[in-house]
């Protein structure tokens, strides 16, 4: 998108939403509220991605990240806490160390100044199309990402099988023969 | 809107994540803070791809997020399972109360 | 012959291995195998010496083209420049002869051990293997490796079979010696960085500037690393507790042979390899050596425990070795070598005697014994003779060695004030030595008989043998030192030539 | 398209995972037990042999997957560790020898399947030629371990898993954040491009490098990223602990070397300072931590933090770093597994504390001797493999152009400290007499025949590695080409 006043305003709006929701997500006492704040933060990020011409990533952000990951978190919250449970605040020492560490990291990262080549949008740039992504993912040559694409399927498979195995209700004292692997549950 | 702004945004988000990780005590809340950090990385990828100079591999700006999101979801699936298993046995997900293992 | 040379460490290893398969109840078999083993080693060493003396090797060797007798060289962990490089010169052979005689006596002295006897002899033979490996290695890394091998059995031998604060003593001894190893590693890393090799002869002949500049700090690291093993002040503190807590045979071997590995390493791996560093740093080590000599003797006066007395006396006498080396003259180095051999025999016989006496009086405190001459004349006579040797009476080996060292202190230029002062102090230590030796002998052998209820008899045959062997060696070396001095002189030629470059 | 021969191992590993998963879900209980357990360890051993046999002379590529000769020893390490880990899970799979306080694994088949998946992930790390493959490989190597850590039926296990998960996700977040910066600085994720574009004057590159190193630091549990390592070691099932302690670290190190000598190669001198800093902190903190431990697994965790410090020291050096680290890891893995096997036998009827090990030399001379050899190898005493392993790490830091002599002195002193606590273990098993309370409740130690055989083989291996230079020169040849 062309850099105009509109995009600037939109950018700052999204930024405010991302940072506001992000801060809420890590400070709000009620866990469910912070999960919802996280969702807001991720929506804001999706908006930012649209602004930066990455529709596909924005879509993935909404579908997979919000639709999958955050829902996971909300499930976990609902399963393991009673609604509205407030937990004890952390000690002052933890707050101080948290703020210090965060400040150190922030300082470290912000210390950098982008090189001149990066400040402006390359005039010849073309937005990445979904086709291009698909071709690159399935390309077996040195330029492609076929191997990680294959490997990540193994990763997801093993994670799902493993997750199903340990989350399954375990009868105390049961032996292996009575259990099923739960492989099909994924 | 320029690269510095985007990077600053992601850096601040990342430091929020670290802050949350240090101050939160429930495992879910800590994971949530880690999600913020990962999200900061996504912003970086896209911003770098958008502002890339000529000759850069801009596709990576879309492909790297795909893998990051996939990895995150695998991690979260395992996390959910562990949390559920632990909660079922101990009714505790507060990290401070996980004190059976200590010196 | 190279194979026979390597057998000096292979044989003990094999015996240690085969002892593992002997059932532990069969004490007789274990003892028999052990005695056969040490006799075998002694026979090997003697035949090597005969071959050495008969061959051309006995002639002085040149500095640049140093040839070792019976050398054997094969690539080992060659990717890092390590070779398995063994050989001997006269110096190593003398040390090996001493070590094998003391080992034989040590095994005979340990005849009475019955509890965990099998482990004792296994560990003793691993210790022997490491020691002999050290004496024949001419690759720095191999040398260091064998040196490390000796340390762990020492720990276990003291901690399991010792007496008193044995676990503390063993741990202290081991940690300090490994601390020395840390310094040695540093020094070796330095030489490796400069030369890319561990071959001692090659490093000694390497005159590059890189090595010269690295030697400025690698030399003190190496010298001090081995010096800790030779109990140089201020790192001597492991030695009194260690020697006092160890069982008799191990005290003999530790003080007699193992400590000498320190001196051997100082000469072989530090002075020989880095003469530039030696010239630079020797004043410091001369001062430290003098402190060891005087301090050890003074502390020995204050001790009441026989083992502690001898342990501090050892610090004092081994300090003389370092002093001899520190003069960096041909005479001084020769004196140091002679003192190493002489002190090995002397301290071994004293520790053996202390063991025998303790077996009868059940105390090592000199205030609680007296008049032993009447009850156990043989042991008492031996004790007196050993006392002569400690003081350095003419006719004993100590006299030959110490005289050479003192001559080195005063020969050459008279402008070197430090050397003269240190030499004078070292000579004065003889007086202090005489004080504690005469007092100890007096209160143990003479005077009224302190009756603490134990009935005891004089030495049995199996106890007499090692004492007689060791005393014979002491007096033989004192009366006919000729060939030993000659061998030492010849083998030190390359070191001296190197120092002069 | 012809497959390079070296790729067969990766394919075989993937197939093995499939076979294990299929036989776990399809076969009947009796057949399943035999095929899953024996198939897995025999398969991993065979793949290890295949790795050695197909070791390439030069780099073999398929697409952007690159099999480098120097990674072959690392791959061998992964296979060995995987096979040993499977063997170590023997008494957690079947009913023989119920372990103290721990019970059985939730599902043995899935446990073994996950070990193989994790091993596959490590293989992928060593073959990575771009940051994405690298990231995915690291995650495949790690995520199954979170699950495995939670596999026991007791409370401790899931706690360990939760802590591991948090630390692991944090490490992922750091790595990913760092990778995003590396992409920004280098405009690519391909290693070859990055090697040219990542130069020391790019600030982006430095942010990326620091975050990626921090991420890998968590995986290695190098100080200051070691926080929960002792808890994880203590709570996870013994085979998983052993696997985390050995293979996982080897993979992290392989990844680290890959990056340092690949994309980061132009950042040289400053990286050396970073590694020096990490090495010094790791050694010191690890040693201080290990000195005050009473439980064996926690002790191993702290000592491994110190060991990582020694390895990082080698990375400050020159060419010698890669082969010396590879050899060290091989020896370290074997030494670690001996210790864990012994403790696993002990833990079958008592908590694995040091006080419970007293008098072990009388109860079981074999176990005592094995533990002694393992401890001395870890401490670096000749003639065991650990001596040359550790010594070369020292030499690597002293190569011309990389002379870090102060670091060497510091590390050597730390090695003496570490020797102290390893000797305390030896003292406990050989010298300290057990008090009545220590031993009164403990029945005799039961050692499975298979575990006895494994122990003997491992002990022989560690001695042979220390005196027979064949494996050593093989590793150096591979790393040199």
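As written, the chains take the letters A, B, C and D, and residue 1 is the first residue of each chain.
Methods note: a contact is a pair of C-beta atoms (placed from the backbone, for glycine too) under 8 Å apart; a residue touches a chain by one contact, two chains touch by 3 or more.
The shown structure was predicted, so the numbers you read here are calculated from the model rather than taken from an experiment.
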Top chain pair, ranked by how many C-beta pairs fall in contact: A-B
Inter-chain centre distance, chain A versus chain C - centres from mean C-alpha coordinates, in Å: 69
Centre-to-centre distance between chain D and chain C (centres being mean Cα positions), rounded to whole Å: 42
Euclidean distance of C-alpha centroids - chain B vs chain D, Å: 26
Where chain A and chain B are represented by their mean Cα positions, the distance between them in whole Å: 6
Residues of chain D touching at least two other chains: 132, 135-136, 139, 143, 146-147, 150, 158, 161, 184, 190
Multi-partner residues of chain B (each touching 2 or more other chains): 14, 17, 21, 31, 42, 47-48, 52-53, 56, 61, 63, 67, 71-72, 74-75, 78-79, 81-83, 85, 93
Residues of chain C whose C-beta touches two or more other chains: none
Touching chain combinations (by label order): A-B, A-D, B-D, C-D
Residue ranges of chain D in contact with chain B within the complex: 131-132, 135-136, 139, 143, 146-147, 150, 155-156, 158-163, 165-166, 168-170, 172-174, 176-177, 179-181, 183-184, 187-190, 193, 230-231, 234-235, 292-293, 298
Residues on chain D engaged by chain A in the complex (per definition of touch): 1, 14, 17, 21, 24-25, 29, 33, 61-65, 93-95, 103-110, 113-114, 117, 120-121, 124, 127, 129-130, 132-133, 135-137, 139-140, 143-144, 146-148, 150-151, 153, 158, 161, 184, 190, 202-204, 206-207, 210
Sites on chain D touched by chain C in the complex: 320, 323, 376, 381-383, 387-388, 391-392, 394-395, 397-400, 403, 405, 408-409, 412-413, 415-416, 419-420, 423, 426-427, 430-431, 469, 472-473, 476
Complex interface listing, chain C residues touching chain D: 75-80, 141, 145-146, 148-149, 151-152, 155-156, 159-160, 167, 171, 174-175, 178-179, 181-183, 185-186, 189-190, 192-193, 196, 217, 221
Touching residues (chain side chain B, partner chain A) in the complex: 1-9, 11-26, 28-29, 31-33, 35-36, 39, 42-43, 46-54, 56, 58-59, 61-63, 65-67, 69-85, 87-88, 93-94
